[in-house]
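Following this line, the structures themselves.
Both complexes shown next keep subunit A, but they swap its partner, so subunit B is in the first and subunit C is in the second.
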Partner chain A sequence: MVQIHNAFTLFLSLLVEAMPFLLIGVLLSSSLLFFMDEGLLITKLPKNPFLGSVVGSCIGFLFPVCECGNVPVARRLLLKGVSPSIAISFLLAAPTINPVVIWSTWIAFGEQPSIVWLRVLFSLIIAIFIGFVFSQQKDPQPLLQPTLVKRVTRWQSNYNLNLVDSKQKKEEISPLLQSGTFLLNQGQILSMDTSLAEAKPDYLPLQSKLSKFYRFSDNVVQELRELGGMLILGSAIAAIIQVFVPREFVISLGQDAITSILAMMLLSAIVSICSTVDSFFVLSFAATFTSSSLLAFLIFGPMIDIKGIGLMLTVFKPRIIIYIFALAAQLAFILTFTYGYLF
Partner chain B sequence: MKRLLEPIDKIAIAVILAFSIAIGLLVWGGEACGTDCIFHTGPQVSNFSWQNKLVGGQDRAFILTFNRPMDRDSVEKNLVINPSLPGKFSWSGRRVAYTLTTPVPYGKTYQVELEGAKEKFAAGNDEGEEMQPFVGEFRSRDRAFAYIGSQGEEKGRLILYNWSKETKTLLTPDNLVVFEFKPYPQSDKILFSAAEKSSGDNALLQLQLYTVTTGLNQNNDPPKTPEIKLVLDNNQYQNNKFDLSQDGKIIAVQRVNRQNPADFGLWIVEENKQPQPLGDSPSGDFLIAPDSKTIAVAQGEGIALLPLQPDAEPLDFLSQFGRVVTFSPNGISAIMVNFNKDNPNLRYTRSLFYVNSLGVEKELVNLEGSILDCKFHPNTTHLYCLLTKLEKNGEYKEKPYLAQIDLQTAQVLPVLALPEYQDSKISIAPDGLGILFDQILTTDSVSEVSLPKNNSGEAIIDSRLWLLVTSSSEIHHVEQLPLVGLYPQWMP
Partner chain C sequence: MSFKLLPLSLIQSLNPKKLPKNLRIIPWLDVWALLAWGTLFLKYVVTGQIKLLIHPNYIGLVLATSIVFLLLAALRGLYMIRTNLNQDNRSEHITLFSPHFSSSVLLIIAILGLLIPPSVLSSQAALQRGVTDTLPLTRFQPQSFRTSTKPEDRSLFDWVRTLNAYPEPDAYTGQKANVKGFIIHLPELPDNYILLARFVVTCCAVDAYPVGIPVQLEDSRVNYPQDQWLIVQGTMKTETLPVLSHNSESGKEERQLVLVAKSIEEIPTPSDPYDY
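Take a look at the complex of A and B:
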């Protein structure tokens, strides 16, 4: 009974902590949908896979979201036709490479500035590397969930059409030409194979600001419902794991330089703590763990945690998540372990 | 047809495998490499806050930072400081602070050695790995003091005596007669008031403020010649007493307008700024508090605490006290004098009070004689005071003596009786070694123009410097220094 009680407390605390960030992410994602011209976005992003990953990892500076808010934004970027490698770099780096997190890490570790800048540096290296690896896959289809793929491919064909005949006005490309679409009231058109969240108003005739706002809030609600569900599920799983694999047990795994890194990485995945506050959480372990293991926690935690996996499943296929997870874990270990060797 | 493996599968699996091999190599390399190679993860000291630092009396703790959680007992047992410095440990995470119980004795080089301490992980029950031996070094400042010469070519000149190197330097030129001086906190400069020798009897009315570099604690070979800089002129205003803030950034000076003697008050002088009057209220004796933001000024029948800003409102007014004698170095407490004007039973007596920021007001001693000067011992456990005893054998006579006062028990222990009354000041070494004071012979008959004068305006014709070596026991050792001069002050 006590365990259920604990699990529920943990579940609620994870949810309360993550929900505002998810909301910020969803708001950002929705504003991207309505206020950003994707054509402009695509042409501005570098074509070179390496540079693309670098830019992707730094987008976090524009969208200060933590690891719950980055998924909706990454999803939106993918829907806007951004290449998966850029989106993956963003997904991995954004929770760390943003002003709020860097500032909070500085507050917690101001006396050990190396922790702060190494957190940024190592996160960047990992995000850029994994983004680069994924850029080798030219066809995004095997990476993404089928529903997402349909939206992306249809958008791309439309975008290409736009490029072929630039004089042709947007509203002339009727989505009605596509199969499986239907008309909503107010003349809004929606294809049947996508959720409301992925509606693309750009194809529609220019509408009044008010209706634009309505559709913006519709989109927010829809996305929040969809991703919020996944967050609740993820938080529940994370809470249950924490009850059955208590923190004390994980901490006790840290017996030496190597195992303390592994223990801290495991802890970071399990506790699912938001990147904006995780430096304060990990500060309490500064007395009993090595700097490299604290660093491992700070790097790996924001990239992968259990409550976030649910959110990522709405975007990527499971085996892709396993690849990202494995690569991030290995790189985090290699970098922090090497740091421990040298310092 | 669906392909079995997409390019991403191939690449990802290949990279994962490559990383697995790399991790294997790293782990194996660490094990195989032993303790003697650069790729060693063993515990070590990653930072020592006093490494190669010049340490002064204000520096009371150093910090050792380890790269691993350490077995605290093993660190505390194995830390050796040579020559030894008593202190205590306090831990915060992987850092240990060693707080000295007494200030570092000056003029020495210290080695901090740590060998044989072991790492300890939270869950590690086994004996951890032994750390790499650590040797750190720091140096304390040179033991030195400054005084005003009183004989031959030294007459009226500021002199620095570096006790550690046994060198004597004349800091000021022959044409200036120095009256008062205050060392800067880093000992690199001295602020002094002086007048041209040619001003003769009017010297006290012609004081200007200067700074002079000391070259102390700098390894210049040959030593640099002292550089003198005028800080405050006396064109419009006559400069009287001054004080220097503990951070060395603000000078407070009492000034009188040469044209209008009613325009009389405190001014503050900050670096690269025009001097500004502190306020227009009349003020007497003053002392800048150690926080370098407040000044205690005798005003009317009490002490006003003013912020060190032009036209500032008083922060507080202590009506029961008439004088602030000294502040403790950490600024937490002060010694004040109550002239007992409200109490008919204690009329014509003075009470010495210990006052601190927690609101404690403790009477230390009540006497009929005068309280000339007091200084806190750097440990702030006790106080050294120059007091006088009133003798009423026909005529009133004040006999000065040095006393040690315990701040806890308020026990007064006279340690040395001085033969002649004098308006001396005492100076206590920043490392607590001893008290410097002078013994002067004055004359009011000879009208020597170039002689420094005491506060009564009498010319000083001879002076000896004395050192009282402080000790916790009742026996204090006193010795005359082979230097002739007056107003000796330890360099911080």
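Take a look at the complex of A and C:
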């Protein structure tokens, strides 16, 4: 009973810690989504696959949310005609390469600045590399989740395609759209299906500052609900592990340079804590783990974790996710091990 | 181009007759969940229970979050009453949970939080986390080492910090000490020793780590149950004792600084049990 109470306290502690950061992220992303024209962003993206990956990795600066908030954004980008390499780099890098996360990492590891910089640097390297690998696949269709395609066709039968105005068609010529009419439709229609979907002006109620603000709050509440639910799940698992799995067990998993990195990567995937707060979480292991394994946690965790897999399954085929995970895991291991070996 | 970003829910909501009545529950669940979370955070800040959960640096952030939650709840509530709109968000979201489920979980957790006060981390947690008299690398702050502090004014954490800055126990022998902490019975220590410990919080209770110094008693420690808070006055002395670390091999002994207790006063658990 005492154990359960302790677990509950830790759980609340994690939530009290994470909620403000989650709220900041949600408020920022909601306001950005309102004030930024995505179409404009897409036309300005570079066509070169390598540059695309680099730029994709840095879009995170515009969407300062943790990994749970990035999946819907990445999906929308992908289906709006952004090339997969950009979307994948964004998906992998954005949870780390954004001001809120860098700030919170700085607060947690301010006394070890190398952890902060290397987290950013290594995440960038991994995201650019994986994005570049996937840019070799020109046709994005095999990458995407087949149920998305079903949703498209169902949607198609219900709504008139004429909703898509011709001006937009001209604007959004991109690798994705060039593949054929079907993909064009997919791009347009799926974007309508997302949480912040496009709508025709005819459907709009009275436009006023107030109604705009209500829609803003609608989006905030929606994201808070989704991400808050995820946060609760992640925090609960983290608190249970903290209380019911003795520290000795985790420590015994990782005794030497190699296994400590692997243990922390495993932990980061299980715990699924949001990237905005994971640096605080990992601080509790700072006493017992090497800095290269902490770095592995901070790099790998935001890219891949249990709750992230659930979200990513809504975008990609499982096989593609396995590829991404395998690549990310290997790169994170190699980079952090090299760091641990050299310094 | 803000009209582009209109949620599908609003379009659907213009046709309220199509939606079943029970869908009204979701937006109201959201309002109640926001209200509950705002109240919970406000309660933690007002009652001071926040100190059991998080470093005081973040209290302002938590308070601001609570205010934003309460404002959002009020706004959504007013909106619901005024427009009488039914909003269904089910069809447009791809998540692991349905909105019903997420909102209910959020609401239930907040209500549980309001009902169950946070606990103070106990000796059991300390033993599980491994008590040390050394500070982890990231918390080691040599700049906070103040030689000017009088020995009897040092808190338990100050002592551990001082020992970290200059670990030779003989340097402190004979100094007076007056420290506050809770009792841990470390199996490594002889029967007439307790460990007087405190948790130190860097960010939140999750990363709280225990620090402590051994206290030599006149008699057996059985009279002093674990988790009892004490103020111990006495003098410092060097003794050879088993190493105070769970990670190292057992049986190893080292010269350590111990506090020889002259007076021991039992106190109730303080409202701010953690050190920062």
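Everything below uses one rule, namely that the second predicted complex is superposed on the first by the 196 of 343 C-alpha atoms of A that agree within 3 Å, B and C clash if a C-alpha of one lies under 4 Å from a C-alpha of the other, contacts with A are read in each partner's own complex, and residues count from 1 in each chain.
The rule is short, and it goes like this: a residue touches a chain if its C-beta (ideal position, glycine included) is under 8 Å from a C-beta of that chain, and two chains touch if they have at least 3 such contacts.
Values in this document were obtained by computation on a predicted structure and should not be read as measured data.
*Asks:* Between subunit B (first) and subunit C (second), which does A:T96 come into contact with in this model arrangement: first, second, both, or neither?
*Replies:* Neither partner.
*Asks:* Once the shared chain is lined up, is A:T338 touching subunit B (first), subunit C (second), both, or neither of them?
*Replies:* first
*Asks:* Output check: A:T276 vs subunit B and subunit C. Expected answer is one of first, second, both, neither. What do you get?
*Replies:* A:T276 contacts neither subunit B nor subunit C.
*Asks:* A:A238 contacts which: subunit B (first), subunit C (second), both, neither?
*Replies:* After superposition on chain A, A:A238 lies in contact with subunit C alone.
*Asks:* Contact-wise, after the overlay, does A:S57 reach subunit B, subunit C, both or neither (first, second, both, neither)?
*Replies:* neither
*Asks:* Is A:Q136 contacted by the first partner subunit B, the second partner subunit C, both or neither?
*Replies:* A:Q136 contacts subunit B only, not subunit C.
*Asks:* Report for A:A326: first if it touches subunit B alone, second if subunit C alone, otherwise both or neither.
*Replies:* In the superposed model, A:A326 contacts subunit B only, not subunit C.
*Asks:* Going by the contact rule stated at the top, is it subunit B or subunit C that touches a larger number of residues on subunit A?
*Replies:* Subunit A has more residues touched by C than by the other partner.
*Asks:* I'd like to know which partner A:D256 touches here: subunit B for first, subunit C for second, both or neither.
*Replies:* So A:D256 only meets subunit B here.
*Asks:* Of the residues on subunit A, which ones does subunit B touch that subunit C also touches?
*Replies:* 251, 286-288, 291
*Asks:* Considering the complex alone, what residue numbers of subunit A touch subunit C?
*Replies:* 2-3, 5-6, 8-10, 12-17, 19-20, 23, 27, 33-35, 37, 39, 72, 75, 107-109, 111-112, 192-199, 201, 203-205, 207, 212, 214-215, 217-222, 224-226, 228-230, 232, 238-239, 242-243, 246-248, 251, 280-281, 283-284, 286-288, 291, 307, 310-311, 314
*Asks:* Enumerate the contact residues on subunit A facing subunit B in the complex.
*Replies:* Where subunit A meets subunit B, its residues are 133-134, 136-139, 142-143, 251-258, 260, 285-291, 319-320, 323, 326-327, 330-331, 333-334, 337-338, 340-343.
*Asks:* In the complex formed with subunit A, which residues of subunit C make contact?
*Replies:* 1-11, 14, 30, 33-34, 37, 41, 44, 50, 52-54, 58, 61-62, 64-65, 68-69, 72, 75-76, 79, 87, 89, 92-97, 99, 101-103, 105-106, 109, 112-113, 116, 118-119, 121-122, 124-125, 128-130, 132, 136-141, 202-209, 246-247
*Asks:* Give every residue of subunit B touching subunit A within the complex, in rising order.
*Replies:* Touching subunit A: residues 6-9, 11-12, 15-16, 19-20, 22-23, 26-27, 30, 38-41, 46, 67-69, 91-94, 121-124, 126, 129 of subunit B.
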